């Protein structure tokens, strides 16, 4: 019997392969789903069931793809709007047997209407569930978002409260296997720890400590979350079933001339943001591989033509991996270069880094044509901010740049300088050229004050 | 924060890497310990502590080796006999901080006098332990052996009982991380499941259901376990500190002539036992790679010179891996061949397979010079046996073969035919040549009756 | 600039990736062609051309598949019958530029009418070709077969002679890159060495030492080659374009019951032939993974339903890899077992191994109902044979078994016992049950006499 | 029979594994020599001989280490000064048999006094050598340096000429296997192509086209080569025998505080030079992993304590790999950070990038306190230079920085900006702070003019 966690970095997505007696089930597979089939069959297991905890909005589900590869049956919760095309609808009390394991369906609406949890029972040791796949209902240290039905905010927060009580009812001994870990866009309060139980969450999870259902609802209704535009695309793909990811993640190789004539909607430079700042091709935006999952969905729309620029081919493959997991397949190709491009006479741009002293000086100078633009999220901004700075969340620069002034001098800042680089790169690609980046940003500011 | 399980197949040994805040601890490392260092540093973690739950008797500890590679401090429980050379002695209540994790020492004697468990606390979520490394005190579905102090049987069984109460006292929510899984020589009753909690064990583990301390002691005192001779070697190495495993697991390559002139104490044929039965070099014993961990320690003594025979070089590397993990380093080399050897005129031997019909016929014939020899363990034998068969545990053939008669005809049997092949190979290497193997063995017998 | 050889074991097939200046060409890609794309793009090269030396008859060409993945142009020689669907026809003197390399087409008919060689020139060092892809015209130590146009035997042998003169005309300095190495069914006289030049072949290749064109023709016309039935399938697939190989090589996992109810045309046991001999499922044939390339094409027909039996899942994946490379995709699934099957009471069969002494005895006894059946190829048989044995090539047992007598006792032999096991397994699967295998076979016989 | 090339990037070093009949030889192994043993034994070959073409001055030889691992015999040429401690002295006409291959010693002094080539003969195809290991005597497109005996310049150039005639005498058909490819510090004129023959070199290699021995000598005597200081260390290690490389390449992980208190002689930032320019820890020098082989030996002395800074742990492992191959083992540890360091308030430094327009402007301004410093090598400088720039080779900044003025403003340039960044980083680490880097450098300048 095995229970293996498959982590997807960037998305902080957790999926699971559970197997016994020659059979296996996969919980919430991602789009590039060869990994489940390979792992299962390498251990002599045939995947017979795919269990979805809910319709994911932050990544492309691999369920229809894996089902086509294996013949496995997909289970999904009841959806009031319309049925998920590729799945059977599962209801409270339904169960699936995987060898000596029995996996029971628990309806847990709140995060989404169709949300299910799956309790794991070992029929050879039957007293109480040994674990539970909690999806986006219960995380370690946090609970699911309830902002997806804006007109039913209070109702769905209450539904989530009730669902959590059901999960607590499984008993302290049940191990918690959630669909996301720390770093996910599906919750900002998750613990760094990757392992917990119903009992440990009952005692420690701040969201399980409210005195009443109403207190919980008040808290959830007051929460602030961002919804990147690509969530709409994900929802549609995950109702209808997405195509398989490309067989190879390595994009077509482009020379500089080929890149420049490729008529791309976006040229994405996936190198280290500091390298981007020192030199990049005119018109390129900055989105390092590790930040694609979090931010590509703000800046790129379905069917936009994407050209990639990297320092080596490994970065290109990593970028394609991240892009295709969230449904961006229209990648024209990848170019390896930058310094060689500069040496061939390409038109290069640079964005200076500045430190705390310069920022202090400029703040003191109160120059009319200068803005310190803080691109952190609202929660970070609320907890501490530099007086005199303005706020616009990095993702919201996708449209918000239109309200900025190309003739103005902007210093971008965030918590460290990473998101500030992404923001600066986006503005640079839109034709802004009086930009610099506060290296160290809020962290450096705090250290100095 | 990470908690990663490193499984060692064959030994069913479980070790752990736990890390947070740039630091890491390893629990019960095996001898080939590069894997811990690689995994830790690949994630930017420096191993600062190595925690031993007890002095292992079934494998070579990697603690002194990993300590030399990293400078980490080794903790080991108090040992009445003498101190473990490479470790500091840890006592109840001592603790180690790994980033935001606090790992607390719990003295849990019984399996061994020096046995410790280590409770894991997350100081950011401090209410109750989130997990516990239980070593050989508590397994999933079983508890530790208490047969290592024959003259103190009742006392140590009672100590284990008390230790288990301490572990139960951590609360239902604590996840259990034991030192062995199903298949280990350290316990025969373990669940196939690899994940559990204190709460689930409290409810389901048969060894935690006794009505009284005395009932538990009675049960443990009545248990039967085998102690392979190499346990003595392991104990010594794990008090004094073993050498690192070889840098490469690939043995020197030997031609057939080189093998034959190498003056080996054992020529071990590591191929599939069925292939061995069809043809093997005269004098070779049968021990497929997957059975080395369980049985090499019965047949091979420290410093015996070992020659290996395999069908390909991958099998050789796997065999060396398994042998060195239990301290057998005196491997002269490896030879790839057998069919080519036969084609070069080498002296080959064959052991026929027989089926149920033939065994039935022979039993009916009651031939004076024939014995059906059952090499399963005492527990299996006790649960069901073929009338007319004799019993000698496969491991005990190491010396027991001396009491058998080379002129007699033996049919070897076990549960399926695998251990029967090992037994037949051992006897063949000792000069017995009226041998055959009951393919399917007890399983086939039961299916037919 | 790179020139990398991609070897395909079993088929002894050699393909090449050659790249310079951001571009690459692939020569004679195999069906599972992700490897070329991965290697090229990992080095920043885009595959722009695929060069076929001829229509392969022993493996499925990956050219149409790789072309679809990359947009590369495929070149193939002029074919009198009809055009290869997915390729442009290349003619003497055509060339392709890959960065600073110029690759020139040389028409070299003989082995096939459409055969091309491709000379490699480095335009930066232009004096003479630096290498040549010789396809199946010139091997190291041998030349191509000329038995594919039975009615034009002399003509095509002469064409090959002329083609070889053209290749010699490139100069001694040109490195030879052939399409096959030793072990291929495309030639039995290849050197074990994997590297040579036109000059070294001119001096040493026995087929380049004939005194006259006529002598060469006489020799080639007298050669004997086998043509496995699957060559027809390959030819058709390689004119029309085959489908991509499966995305995962791991077959669906089957339990014993599922295997038995799967209605397979063939159950192929891919374990070590010696293990097969000791015990196998009734009805299974013997074809170890390493022998699939050479012999599956004799015994299996297009669209036959195949079930696999193995000792572990790695063997299954390897078997699927070999089968799909020669176009056998109708694999129902794979079962891991045999000893467990025996222990569950499955109907098992055994084929004894016998040694030289027993064979001698039987030959001396001249029993009426016994045959020593030699399944080596005609050339081996011609060079030495055991008096009293009969001959039937292992591949020709595909139909030849019909002329044998199920009531007769056959001892199978070959050079070592490997092909004899395949032969015995095939007969066993056809219902023969008085079989044994001469372990060591001709090799052991020679050593003893 | 196999002949496999093992390439070492950075050093552009080529070593070889050649095997036949169960035996193998390795030619010019590098220090991290597990790879040869693994590859050989994975193919069932035992390494019996290690053949050194000469005493390498640009990397640590793995011969004594591999000899200790295998028991193989090491051959080295006759050395007038003193014997290589770990090797037997081989002489013209000596030979080694590796299965059916015979490898013959050819004395080829010139590059070094002890230089040998090794001709490969296949005794089954004996007419003429099929290949030759040419060491640093003959490269593809170039020949060896002759600047290691400054007082015997003409003599050794003549010796090399004579040695090359010997190699040409092997015949056009012999394949050339040199010890270095393009990018090595052992020759600047090598072809990008990795494959050639004696015949192709005879026709195309510019160094083999001189009309007379004297012309050749004149040319070689006039050549200019740099000798990094670490060559002395390499020579000593390769006479006496170096220690094995570390078992793990992953360095001890250091926090920023640990790095800062580690008392390092050098803190080497191994990230992309553009990232370094945007922000780095004060005092750090710039040496990206891919440039370590070429430049570390200029800036670092034996036993200097080294701290590494990287953006991820993969870069750290790569840096250690490159450093240990040239004998720099005193690596205190590695720190992953920079942007997080900035955010924790660390003291950061930045070096601006400038483009052609700014450089033009400054040149036009002829500012007294500004220098455009060209750090390319003498050959590049000779072929084209920017008027008004000064020249100092990047490596020679190791001491040459002392002659520069910390109060002056320097713009660093090379061919593209990469070496300029290394130079700027070195000066920054020495306390210069009026620095910038010409992005695109000579390439951009040429494109603009």
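Labels for the chains are A, B, C and D, by order of writing; each one numbers its residues from 1.
Definition applied: contacts are C-beta pairs under 8 Å (C-beta built on N, C-alpha and C of every residue); 3 or more make two chains touch, one makes a residue touch a chain.
Just so it is clear, the structure is predicted and the values come from calculations on it, not from any experiment.
Asks: Averaging each chain's C-alpha atoms to get its centre, pick out the one most distant from chain A.
Replies: Relative to chain A, the chain with the farthest C-alpha centre is C.
Asks: Select the interface copy of A-C from among A-D, B-D or A-B: the correct pair shares over half of its contact pairs, counted by residue number.
Replies: Equivalent chain pair to A-C in A-D, B-D or A-B: B-D.
Asks: Using mean C-alpha positions as chain centres, tell me how far chain B is from chain C in Å, no decimals.
Replies: Once rounded, the distance between the two centres reads 43 Å.
Asks: What's the distance between the Cα centroids of chain B and chain D, rounded to whole Å?
Replies: About 48 Å separates the centre of chain B from that of chain D.
Asks: What are the residue numbers in chain A that touch two or more other chains?
Replies: Not one residue of chain A touches more than one other chain, so the list is empty.
Asks: Would you pull the chain A residues touching chain D in the complex into a rising list?
Replies: Answer in residue numbers: 271-279, 311, 338-340, 342-346, 348, 350, 352-353, 355, 415-418, 439-444, 446-448.
Asks: Considering only the defined contacts, which chain C positions touch chain D in the complex?
Replies: Per the stated touch rule, the residues are 1-3, 20, 100, 122, 124-128, 130-131, 141, 171-175, 191-200, 202-205.
Asks: Under the stated contact criterion, what part of chain A meets chain C in this complex?
Replies: Residue list for chain A touching chain C: 22, 34, 37-38, 40-46, 69-71, 244, 247-248, 250-255, 313-314, 316, 336.
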